[in-house]
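Each chain gets a letter, A, B, C and D, in the order it is written, and its residues are counted from 1.
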Amino acid sequence: MRKLRMGMVGGGEGAFIGAVHRMAASLTGEIELVCGAFSSSAERSRKSGIALGIAPMRAYPNYRQMLEVESTLPSDARMDFVTIVTPNYLHYEIARAALETGFHVLCEKPLTTTLEQALALKDVAARTGRLVGVTFNYTGYPLVKHARHLVGLGALGEVRKVFVEYLQGWLAFPVERDGQKQAEWRTDPERAGAAGCLGDIGTHAFNLAEYVACLRVREVSADLTTFVQGRQVDDDAAVLMRFENGAKGVLCASQVAIDEENALTIRLYGTKGSLEWRQEEPNTLVVKWAGRGREVLRSGVNYRDRLCPQAIAASRLPCGHPEGFIEALANLYRGFAEAVRHHEGEPLAPLLDHPTLDDGVRAMAFVEAALQSSQAEGQWKTLKL
Amino acid sequence: MRKLRMGMVGGGEGAFIGAVHRMAASLTGEIELVCGAFSSSAERSRKSGIALGIAPMRAYPNYRQMLEVESTLPSDARMDFVTIVTPNYLHYEIARAALETGFHVLCEKPLTTTLEQALALKDVAARTGRLVGVTFNYTGYPLVKHARHLVGLGALGEVRKVFVEYLQGWLAFPVERDGQKQAEWRTDPERAGAAGCLGDIGTHAFNLAEYVACLRVREVSADLTTFVQGRQVDDDAAVLMRFENGAKGVLCASQVAIDEENALTIRLYGTKGSLEWRQEEPNTLVVKWAGRGREVLRSGVNYRDRLCPQAIAASRLPCGHPEGFIEALANLYRGFAEAVRHHEGEPLAPLLDHPTLDDGVRAMAFVEAALQSSQAEGQWKTLKL
Amino acid sequence: MRKLRMGMVGGGEGAFIGAVHRMAASLTGEIELVCGAFSSSAERSRKSGIALGIAPMRAYPNYRQMLEVESTLPSDARMDFVTIVTPNYLHYEIARAALETGFHVLCEKPLTTTLEQALALKDVAARTGRLVGVTFNYTGYPLVKHARHLVGLGALGEVRKVFVEYLQGWLAFPVERDGQKQAEWRTDPERAGAAGCLGDIGTHAFNLAEYVACLRVREVSADLTTFVQGRQVDDDAAVLMRFENGAKGVLCASQVAIDEENALTIRLYGTKGSLEWRQEEPNTLVVKWAGRGREVLRSGVNYRDRLCPQAIAASRLPCGHPEGFIEALANLYRGFAEAVRHHEGEPLAPLLDHPTLDDGVRAMAFVEAALQSSQAEGQWKTLKL
Amino acid sequence: MRKLRMGMVGGGEGAFIGAVHRMAASLTGEIELVCGAFSSSAERSRKSGIALGIAPMRAYPNYRQMLEVESTLPSDARMDFVTIVTPNYLHYEIARAALETGFHVLCEKPLTTTLEQALALKDVAARTGRLVGVTFNYTGYPLVKHARHLVGLGALGEVRKVFVEYLQGWLAFPVERDGQKQAEWRTDPERAGAAGCLGDIGTHAFNLAEYVACLRVREVSADLTTFVQGRQVDDDAAVLMRFENGAKGVLCASQVAIDEENALTIRLYGTKGSLEWRQEEPNTLVVKWAGRGREVLRSGVNYRDRLCPQAIAASRLPCGHPEGFIEALANLYRGFAEAVRHHEGEPLAPLLDHPTLDDGVRAMAFVEAALQSSQAEGQWKTLKL
């Protein structure tokens, strides 16, 4: 099986997330980085490419040139897909251009900065017949897949309540005014979109909730806050949710929760049982059964009799050998790669799923509805889709 | 120091909460049960009294007679205060009558079934000059007292966000239709009040939030749900809160959260640090400091250099010897007893605090505002006080 | 049912353990303190008695007088049993005298300071027909009882391995030279016996291991250490154990484990499953089943379908309402009281068990064998019984 | 910086550990697999090589041919080092041959099957001037490095006590008789050496103890057990240890601990503080300070002000993004690669350490002493070095 060839936009030297994506793609053993436009500076892009061992001529000065040149290469050399790891405001134009040039796209979240753009992208994808994946990477963890499996099977009964949280503390102070690059663009509505915390991490939580609950959110009531004075976007969000089946949800996201690291958690209560998963200790899933008490499930390739096939496929090691964030992102890359291969003619359907364009669009609808609700003092707003 | 004499209303044989109150009062070593009207049935009251070793003539057929007879006893024999552990709907009339007859009152929460009653009771208390305590017992834990101390000192900076949860699972099924007595009256609006879960456990969470945050809630936006078909009151509540200083809060209470036992937790985030406490493991308090990481505080009488005086006073044992629910309730009883003694002339001010009439009234204002907000589809409602 | 009348030796003002015993006895609702010889100083004994509300004439100047006078009281007034909470070296003479005078005895651990004394006491008890209980209180926890139940049933298969630990840090420094009373006598071989840490907490661990494993230790190999210079007894013990069925055990006890509080834990591995319990979070028991994963059991009176009758009988509150150390000790008192009543003619056999004279004797045999093994550089020594 | 070229012996298709080593080496971004003798079957080796994308002619039929051919290649093409992932009994001959042919060696643990072989290998390495690393991979975790740093600094005072455990449950049943390949050779003294559990995982625990304690073990007293009938090697080990400074240690390893996964833990108590680390949740380190309580340290590249430089260098992601087993092994590979580069002339000393030949030799001395002690009924045996 040949490796898929990947081009990267963004992620040059010093960019945390680009390096992580490369490690994850590499860990799959199925993808190789062949080209990139790693920086808005042509010089930095070239240097990054060399440092990464890319052929110098394929370290392009900008993404437009990358798309143009790569599309002229013979099919056994040109890249198979573009992965986009730039700040949010560039996602739309790059993804659109890549699709139009004929490339599949794997895009960082949030997919776009507005719902309008997301819907437009959906049209382009439909027209061009190219795939779009979105890196809501937390669904790549084995036990998140098993959680969804249990809920989907009905093992926990009908879902009644979903609590999802994503707490961080790194924006508790105005670090964007102290030269922290990540903070700078993430708190700048021009580059991040109108939603701050809500868009940056609230969308992950939203995606996780829908993924695990096997349900769609219908409407939301939100209270967004900007705690750090002078900041232009929200840094804290509380969102009440109503799902299509009558289930209720509470989504809390904050980036001013001091000393919280990356505390994404989900708890779901059904009529027969409940579950709890915490991203910071991802190899454990607690399931509580009505009348039977609490069961602690653990991940590991040897738990074939305890975990669903997707969870096993998403694991590399025997139980007790912790797998983490990079591994989860690698699972997303693998799922996307499998989808690309299948789309290109590989008869086997993908074993691993991955967040799709629709997930990206829904997240933008969530953001828009929550922004509107908060502006309307908590009035319930329906996701427009 | 003489023991205070206590009369009990409710809590006859088979009533869980009455027995717990008696164990707690006894554990203080400062209170003795001398009389009671333990049941709505005169016969059961008498039997309960005998089983409890009360003088038979002081096991009264009803609370009215108890108040009447006790008030005629010489001051060195008659009870000092009444503790009320009946279903909610009786609190008001009993508390009122006790105050009017000249007795101090310690009342189970919620104080009354309506805000109107609570305010009326406040007037009576003011007029009669008698004390009213409310058994929001979770503030009796040593580390809750220390949490409040840290916040009150400003050690965590200005409070920004408070998450408080109280999850139980015992009403996930319609057990009130299967003869479960506790469930019966707690889901009957006639006996429990218009609020179900919100009144029963939401009020505990509300009180804990205000206690630890050293702040008052100004307004709320709520979404109450009745998940179990046919039930007449809410069994799940999500409430967004805004505090007077601009802090935000999220209060989640549920009685349909399968296999949750008594999962009351609070997490508070300030500008300098944060804290987390869980009732089910009450002897641990996690404090997270900006830039310094996580500290795990533990309770114990020997931690005089680490915990505030109230926390030490509320502890009986050296570290590592777990103290629990009964001990916390005993702390509340002790605080109330100290307040009564002080009121009666004891020069020393109480060492331990206890939830007061005002706490009881505020909780009712919270319930009323949340009910109204939920009926108004999440419109923010101000606590009327 | 009348309350049993208890006399206490030791436990005067300021003595931590005496107060805890009184709280525990009181919590049973079945025992009342009627007399005592609370201190080696007659004056302090009298004062303590008054503070405790004992009739002044029954606050005896010393235990001999207490035994003498009480034995002359009419049977409906005199104490039913003596509880001994003095330093170790006094246990033997007091217990012996009490038995000889006709009283049942509940004695703090270790039962005596030598095996020889313990065996002598056993003879006296046999001769006098009086009961002796030993306050190995950690077996009073509900989930310890359930752990024993599971093992006894064979649910975990044949026991292979037992790990038991008891770690404290309070003797990491030479506090006995700074006036710490508890440390003074516990590190003085004259008053504590030849074993320090081994006798003080190692015996608890030993008792817990045998109780939960439903097995007896046959031989031990030990390495005892005195880490704090100048201390006359061990402050750290590592003991390898072999049980009668071929199971192996590792017992670690230390009082120099900095910042450990009262970290008594047991883990047991059988051929079908394993279990883990931690005293500092006593309301949780983890059971791991071969091929089925991990189950988290919790205590609570409402778990009648999940826990054995002893565990339920040892619980007072519904799940999620933590019970702690005092409650566990109260269970021991209740079990002993039930045994006394049964011995005195009450037809019902005790529902709760309690650590017996044999447990006390075995613990002394363990101490002696471990001391000898350590002196013999780890040679295996058989418990002499 | 050019990638180091790696040759692998063992680790063909289906071999768990070979795949993990390749993922780890790849994750460093500094090493590429260029050749291998992946199986004792020439055909399987060839197939594995092809599947791995190795040039077919460099998928050698056996390790001898690999060494011979590779040594004839030009220096800019031939492999830089050999990684050995075969069963234990082959380590010695392959490592020896590789060294003699001029290649550096990274060898799976245990280094050899006897101490004699290990010492012989040390001579060869000294004579040839080649490097030998041993994959005691658990020291590759960031917080293990920080733990060693704290102890080395003296922050915890003088070490008194070390508890180290490694518990697994996968050999609780005679799976070696059911065709489980891993179990087959690991329980076969011919292929695994005279020590079973002790050699397989006890050596990891031993290495971790010495690494974190910054101390060497002087002598041991052991009790080894074979619980599964018919098994030819120990499957459980309890070892008491004495360190050179007078500290004491307890090492427990078991492979019959039902449902334990890979439970390697270390707890260390010094005169000023203590620490605790658990491999299954490797991103957390608990440090307890005398008089100051408990601190929870977490890993993450952004904790430059909280963690030592080695711990930071061993991290790839910001806090809250879990890193696991593969990442830790990658750190070992990176440390070894840095050492190789340094040895080959790179001026910069390695930033990351790695377990060396001496660590491998010491572990064999530990195994031999423990085997002898157990055969001598617990007599203390000195490590012969």
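What to note about this one:
Methods note: contacts are C-beta pairs under 8 Å (C-beta built on N, C-alpha and C of every residue); 3 or more make two chains touch, one makes a residue touch a chain.
Being a predicted model, the structure only gives us computed values, none of them experimental.
Compared with chain A, the chain whose C-alpha mean position is the greatest distance off is C. By the residue-number overlap criterion, the interface of chain A with chain B counts as same, with over half of its numbers used by both chains.
Work out the mean CA point of chain A and of chain C, and you get 55 Å between them.
Per-chain CA centroids place chain C at a distance of 43 Å from chain D.
Averaged C-alpha coordinates give centres for chain A and chain D that are 35 Å from one another.
Multi-chain contact residues of chain D (touching two or more other chains): 260, 293-294, 298. For chain A in complex with chain C, the touching residues are 286, 291, 293-298, 305-306.
Chain B meets chain C in the complex at residues 16, 19-20, 23, 26-27, 29, 168, 170, 260-263, 279-283, 298, 300, 302, 316-327. On chain D, the positions that touch chain C within their shared complex are 160-161, 163, 169, 172-173, 221, 223, 225, 227, 236, 238, 240, 242, 248, 250, 252, 254, 256-260, 269-274, 288-290, 293-294, 377-380.
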